[in-house]
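What follows are several structures.
Next come two complexes, and both contain subunit A; in the first it sits with subunit B, in the second with subunit C.
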Partner chain A sequence: MKDIRLERDVQTETNKIEARKVQVYYGTNHALKDVDVDILDKTVTAFIGPSGCGKSTFLRCLNRMNDTVASARVEGMITLEGENIYDPRVDPVQLRAKIGMVFQKPNPFPKSIYDNVAYGPKIHGLTRNKAELDEVVEACLRKAALWNEVKDRLQSPGTGLSGGQQQRLCIARAIATSPEVLLMDEPCSALDPIATAQVEELIDELRSQFSVVIVTHSMQQAARVSQRTAFFHLGYLVEYGETGAIFTNPKDPRTESYITGRIG
Partner chain B sequence: MTTVPPTQDAVPAADAPRVAHSLFAPDKRTASRNAQESRFRAYGLVAIVIALLMLVWLLFSIFSAGLPAFRQTFIEIPVQLEAAVLDKAGNGNPVEMASVTTIGYGKLIGRALTAELEAKGIDIGEMTPKDLVGMVSENAAADLRDMVLADPKLLGTTVQFKALAHGRIDGYFKGRVTMETAARDNMTSPEKLMLADKMVAAGLMEMRFNAGFLTMPDASDKRPEAAGLGVAIIGSLYMMVVVLCLALPIGVAASVYLEEFAPKNRWTDLIEVNIANLAAVPSIVYGILGLSFFINFAELPRSAPIVGGLVLTLMTLPRIIIPTRAALKAVPPSIRDAALGVGASKLQTVTHHVLPLAMPGVLTGTIIGLAQALGETAPLLLIGMVAFVRDFPGAPMSGLFDPASALPVQIYNWTQRGDPGFVERASGAIIVLLVFLIVMNTAAIILRRRYERRW
Partner chain C sequence: MTTDRHIASAFDRDLEGVQALVLKMAGLVEAALADAATALETRDEAMAERVREGDTAIDALEEQVNTECIRLIAIRAPTAGDLRTVLTVMKIAGSLERCGDYAKNLAKRSIVLAQMHTIEGAAGSIRRMARQVSLLLKDALDAFISRDVDLAQAVRQQDRDIDQMYSALFREFLTHMMEDPRNITACMHLHFIAKNIERVGDHATTIAEQVIYLATGDLPRDPRPKSESVTMGNV
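For the complex of A and B:
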């Protein structure tokens, strides 16, 4: 059993994403209030908090997936490398190619494994020919630690894989557009412990290339995979800092109550 | 509403001893509940049996009346095509030969029949050659004329001609006409029926499969034996092509826009309610719309499949939009999220993922919509498709503007005619229509079963 690793060095100190005074409203419901976060490059940042605290909402702000919810309204500023992603000039479609996303429930397209991974590069025109596309697909499946399991059946449907394999396929699909940031919305909540361990290991490896933001309900998972942790409660960002510090020496009493299991 | 307070003895005291009750004998409440349930089952069973009996009755009456339409009595005799009679100019020019009317050909048939009966040694008694011509359909002379005009080289030769027997003779073999009715009928006589029996015995007359029922055009009131569904089938086919080509793309585009792109506000709600209402609008209303718009305003020709198709398109649109929207709704949002998440645009999400997944539902809805349109009669009556049409419409596209009939209208038309032979024709046409509908609905079911996805 893997120990909870609390001491982990953060390799860079460059900010990838900066969020300032982010407010989100669903209709009249003020779901997210005054959130300020700096997400570092090449780091795993975990968002924890009880259900309905706004952590998934905030995650979906980062690639403007909230645009698809008609009633959602976002205020404040979120910048990706200094550029405001809510600027009217920004095309959310282009943004989402830079900020990939993995969802809670594995959602492969009902197409072949190959087509699942190749879809992103195809629509963005990242490859010039079939050989290049083959290479990208293989590289992404390797990075997602799925290549050895599926290399002989690339043309079989992605929906026929097991849950853990499907989730790794979704990760491969997300990294195939070579994003800069990878958002993961409770990627392990539908998986068994073994598949979870595989995905967590994968997340740790992905850190070398991407900035990873992961929403999780499991504090153990946050502690295992992340270097930075943000604790959300009732729409507020309560505490944000090094994972070790949050779990061993929380400054806010609400954080302490949550990680010791008294609220949430 | 008043509630009766529980009486003292209705509520057993907590310390009252439990009445020992065997599990083998149901108590009063259980028995009454069980009785209720078995009564309910019996009602259901009775309902099913009634429905099935009705269906059996319907099918029996249609098939018993309609199946004879697929068999027809023919008289097969050698006919000498005398050049002197048929081609008075003697140059084989079909244009000049056309001046010989069916009366001339009828005489030829009469002579041929007389000669053949003599050759076979059948006694014709008191019957004149004119009476003998009454054995064959009035349409036979026209058929022979068409045959000769189409191929003038036949002149002077003797051809083996298969003539339709007269409707009354045909009816005699189908049990519709008896000696008693023939005695009172000025279109036939018992002598003719007896002669028909002799001709069958001599092998001159026989009943065989009637392909003409599916290929021949309609015929006039006195010639039920020559009436066929050819024009009606082509007309219906043309209309279905028009409906498919218009209703499917328009319906799918409207559904995709409403479901995937349109903002959800009061206007789209209003449109949605109206689409649902349009699906319930009586079809004759669409006929009035078609009459006033397509014929009176746009001045499209009457009785044309293009107008019928346009009217049926209007009628079918809501019936395609509603199941298409349901099919689009049934595609799980996780697929849309996945596509948007890798940076697909809204349109790419729809065309690459959502629409292909919804396609089985869309096609099922379309086929069922088409099947409904195929059986629709009322709007076609108003745009003049009920006219008597004997000429086949041309090939598409110009053929879409030629007058034609349609299957349901042809059925309606035939049920209006006096000759009892048309009852059989109408029932036969119903069988044809039912076969088309069953084939289409089966295709819809197969599509749905085969491509149904589970997530």
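For the complex of A and C:
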């Protein structure tokens, strides 16, 4: 099937992240089995699947968030532009600046709106002076479609914003370090439909600059925002393909059962 | 495609509802075709009139199918096989509505023909052709009910027989017209009737192809066998 939405854009056929034979164990629990996937550059990839299927686990492998879980063990190969991200020489903190993350619940730092966005560029030394930092903060808040709402109260606490605004603040914070990939773990599940639509619109705009990988429980959201969809089930990557094809003619009966709302 | 039940049972009821409507439509269309052909052969004007009036019910059903499908799309956001089912139901309803119109047209012309002198053998041939095409339509609908790709393929192949019947009738009518110009009016009516029945066969093919799309996600790519059609040189 032709992917109209991909063709609209310049180039997308290069792989940003390649994962091969990825296994994850939590203690003795084999949570993720033999996952092979190529995440395309400048593309939104959605991970869908029932709870406990491994989609969040896999997302967390992509920026080594599983390092923080003591019982977790990751095997296999994940490369970012050809470089193994599990290489001992890779600093996970630097990696996470390149592969940003937005979580299910908005979690702004208990700091001002300005400092929330400025934090990343500051600790990674990405700006030389206050004027540059101001520019980055404004640019990121604009990209996150939040600037107009907060420009007059940048020093107010980020926690004082509404849920949707907080989530967009977290997205602004995540893109402030100029990441190459943005991981989003159910970024809209705590938002109302308007805020959800705003975040989805934002995701679509962000993909002109980098890859977005989004985990979502909303099939319709996956269909709306992504160009590639991966369906996980019981720790396996069951099917991965162009979103339109997955939602009109999935090849695997398990995918069909899940996306049509049947008992799989 | 899967046939498991949805977790939301109302979704199943909605899908079954629109499919039941299409089957009801198909029943009416098959009956209309058979009755119209019988009315032609037996010169039963009352029966022909009933077929004409009956078309309103077929049209109303098509509208109901469309309304229900639109509602289902808006409310249930069907995907994959469910989405293909809804689209197929709408397309089949569209085809059946056209077939209903052809039956109505046959009935109308049979009322006119009842006033003219008989073209020998024509009404019987038309009735046989109508029955054949009804069977084809029935097979296409059976293929839809059971998502039977093989049966749908068979329907695609058999449309050639209908085309051949049409070509044969066309030549027959031509002969009658050349023999005696007073036959021209009746033969023109009969020719339109034959052409319309042939069109019903095309709709049966369309339905069969839609069933293949429904079951496999792809329309058939292989070319359908076509018999040598009426060549312009014969005219």
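Basically, the second predicted complex is superposed on the first by the 251 of 264 C-alpha atoms of A that agree within 3 Å, B and C clash if a C-alpha of one lies under 4 Å from a C-alpha of the other, contacts with A are read in each partner's own complex, and residues count from 1 in each chain.
Going forward, a contact is a pair of C-beta atoms (placed from the backbone, for glycine too) under 8 Å apart; a residue touches a chain by one contact, two chains touch by 3 or more.
The structure displayed is predicted, hence computed values, not measured ones.
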Fit-or-clash call for subunit B and subunit C when the two complexes are aligned on subunit A | fit
Could you look at A:262 and tell me whether it touches subunit B, subunit C, both or neither (first, second, both, neither)?
-> second
Between subunit B (first) and subunit C (second), which, if any, makes contact with A:97: first, second, both or neither?
-> first
Hey, is it subunit B or subunit C that touches more of subunit A?
-> B
Can A:108 be said to touch subunit B (first), subunit C (second), both, or neither?
-> first
How wide is the angle at subunit A between subunit B and subunit C, using CA centres, rounded to the nearest 10°?
-> 140
Which superposed partner A:124 touches (first subunit B, second subunit C, both, neither) | first
First (subunit B), second (subunit C), both or neither: which does A:177 touch?
-> first
Should A:65 be classified as contacting the first partner (subunit B), the second (subunit C), both, or neither?
-> first
With the two complexes superposed on chain A, say which partner A:14 touches: subunit B (first), subunit C (second), both, or neither.
-> neither
Once both structures are aligned on chain A, how many angstrom separate the closest C-alpha atoms of subunit B and subunit C?
-> 34
Shared contact residues on subunit A - subunit B and subunit C | none
Which bits of subunit C are touching subunit A when the two form their complex?
-> 1-2, 4-8, 11, 77-84, 217-218
Listed in rising order, subunit B residues that touch subunit A in their complex are 263-264, 332, 334-345, 348, 352-353, 357, 453, 455
Subunit A residues touching subunit B in their complex are 63, 65, 68, 70, 93-97, 100-103, 105, 107-110, 119-120, 123-124, 159, 170, 173-174, 176-177
Okay, in this complex, where on subunit A does subunit C touch?
-> 219-220, 223, 247-250, 253, 255-257, 259-264
